[in-house]
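Chain lettering (A, B, C and D) follows the sequence in which the chains are written, and residue indices restart at 1 in each chain.
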Amino acid sequence: MTKNALKQRVFDVISKAEEGDRASRAFDLTVMALILLSVAMIVLESFADLAARFGTLFSVCEAIIAAVFTAEYALCIWTADLLYPGEEHPWRKYVLSPMALVDLLAIAPFYLPMLGIRFLRTLRLLRLFRLLRVFKLHRYFDALQIVVDVLRSSASQLIISIFLCLFVMLFSAIVMYTVENPVQPEQFPNVIASLWWAICTLTTVGYGDVYPVTAVGRLFASVISLVGIGIIAIPTGIIAAGFSTAINERGRRRDEDARLYCPYCGRRLGK
Amino acid sequence: MTKNALKQRVFDVISKAEEGDRASRAFDLTVMALILLSVAMIVLESFADLAARFGTLFSVCEAIIAAVFTAEYALCIWTADLLYPGEEHPWRKYVLSPMALVDLLAIAPFYLPMLGIRFLRTLRLLRLFRLLRVFKLHRYFDALQIVVDVLRSSASQLIISIFLCLFVMLFSAIVMYTVENPVQPEQFPNVIASLWWAICTLTTVGYGDVYPVTAVGRLFASVISLVGIGIIAIPTGIIAAGFSTAINERGRRRDEDARLYCPYCGRRLGK
Amino acid sequence: MTKNALKQRVFDVISKAEEGDRASRAFDLTVMALILLSVAMIVLESFADLAARFGTLFSVCEAIIAAVFTAEYALCIWTADLLYPGEEHPWRKYVLSPMALVDLLAIAPFYLPMLGIRFLRTLRLLRLFRLLRVFKLHRYFDALQIVVDVLRSSASQLIISIFLCLFVMLFSAIVMYTVENPVQPEQFPNVIASLWWAICTLTTVGYGDVYPVTAVGRLFASVISLVGIGIIAIPTGIIAAGFSTAINERGRRRDEDARLYCPYCGRRLGK
Amino acid sequence: MTKNALKQRVFDVISKAEEGDRASRAFDLTVMALILLSVAMIVLESFADLAARFGTLFSVCEAIIAAVFTAEYALCIWTADLLYPGEEHPWRKYVLSPMALVDLLAIAPFYLPMLGIRFLRTLRLLRLFRLLRVFKLHRYFDALQIVVDVLRSSASQLIISIFLCLFVMLFSAIVMYTVENPVQPEQFPNVIASLWWAICTLTTVGYGDVYPVTAVGRLFASVISLVGIGIIAIPTGIIAAGFSTAINERGRRRDEDARLYCPYCGRRLGK
């Protein structure tokens, strides 16, 4: 087997599996299993007793997973010229692609402690990037594209509705602080604490750890709760309209060829 | 009455009632009453004092209900050749139909203890299948079809939005565990417990049994609550768009007769 | 002034005010003020100290309000032949109209104690019908018609989604009772108590008075919370689609005359 | 530089920045920074320790911010004739414009204590108007216009749905008071307290500070919770339909050039 044929074979295997390509399929399943194992380990490590008993096992698994994904990352760079044929710097293009950056961030936490940076708490937070590996699954779901498209096309309206939401939250936090602080100084010590109440209320989560007790506070909270319905209704409405438009658009495109011309007289129809 | 005429009569009775067929109508009402009685009994049996006083009555009712539905199941198999005329193995086709499998699962819990399997806790869980009988009611509601169609047609997008939702939940559970575990070790002992918080928050249920108390935790919970609005908005938007399309589609089909012909040459259009 | 002219004048006054008719406008404002006063009194009577101090005042006000609305009801019957011209039994038609039945129910609670029926608790509940008077306001809002139309046109789908919702609630109540009853017998004593939890969770209210504590219970509650998003999304989607269709329908009707024909060559356009 | 040229320059600077106008851009960024600083200070002042240590600094900042916005307000009045060319009383028109009223209200709280009105609590509430300055940001977001248009076009339906919502809230508050008051007199002392429960439940916030404990109360609360889903679904549906229509309208307008002409005779269509 020549070097080029080997490279082509490797590229086929690490790319999305085609029908009948057993090695490629096995590779994909292994990757998915390792992602799930990696996620499961983050969860299991958090149990103090499991961490104490199986700590070494977890470390070994982590090393193996990191090694596999590092190897895959290296192979992807090697075969980048097959992914982007005719590109001058194919591996540079690959390394800077969003997918590859996510892959790199997902591997990074494993190597960072080796660089001498051993701040434990920070490291544990960095490990969260490992979760981004899960996003690899999105290669397999085309429907995600529609969801992303809808969110992107209505992004400016969504941002404005989030801005309105934040304004209402800050406004109601300051009002509630002014009203409730003298009565419950330990529950509403400052505007930030009051903001916690405002967010819990406007998103209708309502933990019940902080709530108004004065008549004025309750009246205001009632009005804000009703506004909260609107705050939720606006982004829902924007997203619903986005999906409605996207689905109609697809349907229209499908029907367009068949409807634009009368198939008998050949004339273009009005619509 | 010949055997065939009897069979035809039985089939008519156990099928959906036609206008004026009194026996068939009475049968349908009896079945519906038994379903409601069966459901009511599950609820009533859970009251310790009622179970103690009316235990025997409940057992007798249960036996009668199981007998009726077993008889109906048998009659359905017998008349399967009238339901699927021209089929080679009509009763096999009936037994494997989703409706018949639901019926079988609904009868099964009654007979299982007779097979010697008497693990009490398991048996109580198996009884839940009886609830599936309720689904028999769906023969009577055509509108359910639209709801099911909409959910099916937008299934892939709904699955993706559930996937995104689970990703956000796991991500926020791990962040919150890292932030809150040192301060409230008994409330956030591990990632699974933290996941319970994340689900309560993102679905905006907000029981209030677990909530962050640190500043960083509250800041993060605030961001996650806002994301939660989006998490709810996406499936709502998808389903709303689906219903909108379904209703328009029905309206378009109704109008189609007027549109099927080219208004200029008068010929029937292809589609 | 002849009797007929007087009747016509009375009818004009008690009907919806026309531009420039001062007496009619004054009547409408009086009625609205009495409705608001009547509602305010229900609220104020509930304060023990106010009821003790102003009890007599409340009774007098109530008598006056009841008298005014009784008189209005009588006048409406008297002028019913002007409301339904050409009808054989105009007052009978008026009395059986939904609006008049609501009016009658709103007056009834005042006269019932005079009939010797003085069960105090029941009477207090009957007074709730007085609230229905508020509905008189809907004569002034045409937009209510659209809301009602949308709810009516999507009624069958909404009923099915409520049915699905109740099924999921009952199902999850029984599962949760089975799982949590042995651990928290006082919180989940029977299926009805468990149903209270299920409703609080699926509607995302989440009071936090009852919640699962076992691992299995929490896992199941998590799944049910996610299903809850769908349970809310389905009616929202149905209603959104209904409004979308209603608004488009109105727009289409308005545009139809202008678009059906090319105004120059006179031919019917394709669409 | 003549007075007119200076005035024109000032007007250009305080108006929205055009591409390449550095002074205008710098002015806009300064204004935005002062708005954010102003909001941040409201939050920081609420911390008792920060208010004690940096009280003087806060006062100085507040004075500077008030001075800048007062100057801007004065300059806007001066250049009003350039904003409304050909208007007889341009500065009067400016002063009465909604934007200018908001600006005035945002400056007012600073000058009010100088007028001798020093009721401290009131003054703190008046400071809330400062938040309105944030709305100045909306000059920079065009998407807000769509959100406002949608809310305005569906205003009458939204008002009706809020009215229905308030009716249901009042109704359920009175029922719940009647049912729960004898059992929990301290939780449901009067209809207003009961209304607090009703609002928390119908908006699905569910703090959990007040909830029914009687069987009848829970049954009623369950029904009301389900109604609450509808109460939220109606405004969401209205807004979703509004956005759907607005987006389609924009799309239709874009397509209109292609449709404005009759495809057969080639003449421009009326609409």
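Assume contacts are C-beta pairs under 8 Å (C-beta built on N, C-alpha and C of every residue); 3 or more make two chains touch, one makes a residue touch a chain.
Here the structure is a predicted model, which is why all the values come from computation and not from measurement.
A.B. asks: Have a look at B-D versus A-C and report the one with more C-beta pairs in contact.
C.D. replies: A-C
A.B. asks: For the copies chain A and chain B, give the interface type as same if over half of its residue numbers appear on both sides, and as different if under half do.
C.D. replies: Chain A vs chain B: different; shared/all numbers falls short of half.
A.B. asks: Could you find the chain whose CA centre sits the greatest distance from that of chain D?
C.D. replies: For chain D, the chain whose C-alpha mean is farthest off is B.
A.B. asks: Suppose each chain is reduced to the average of its Cα coordinates; what separation in Å results between chain A and chain D?
C.D. replies: The separation of the two C-alpha centroids amounts to 30 Å.
A.B. asks: Roughly how far is chain A from chain B, going centre to centre by Cα mean, in whole Å?
C.D. replies: Whole-Å distance between the two chain centres: 30.
A.B. asks: Calculate how many whole Å lie between the centre of chain B and the centre of chain D, each centre taken as the average of the chain's C-alpha atoms.
C.D. replies: 43
A.B. asks: If you look at chain C, which of its residues touch at least two other chains?
C.D. replies: Chain C, residues with two or more chain partners: 192, 195, 204-208, 232, 236-238, 240-242, 244, 267, 269-270.
A.B. asks: Please output the residues of chain A touching chain C within their complex, sorted ascending.
C.D. replies: By the definition above, chain A touches chain C via 204-208, 236-237, 240, 244, 269-271.
A.B. asks: Provide the residue numbers of chain B that touch chain C in the complex, in ascending order.
C.D. replies: Contact set of chain B toward chain C: 39, 42-43, 46-48, 121, 124-125, 128, 131, 134-135, 137, 141-144, 146-147, 150, 158, 162, 165, 192, 195-196, 199-200, 203-209, 231-232, 235-236, 238-244, 246-248, 251, 263-264.
A.B. asks: Per the contact definition, I'd like the list of chain C residues that touch chain B in the complex.
C.D. replies: My answer: residues 156-157, 159-161, 163-164, 167, 170-171, 174-175, 177-178, 181, 189-192, 194-195, 201, 204-208, 211, 215, 218, 221-222, 225-226, 228-230, 232-234, 236-238, 240-242, 244-245, 267-268, 270.
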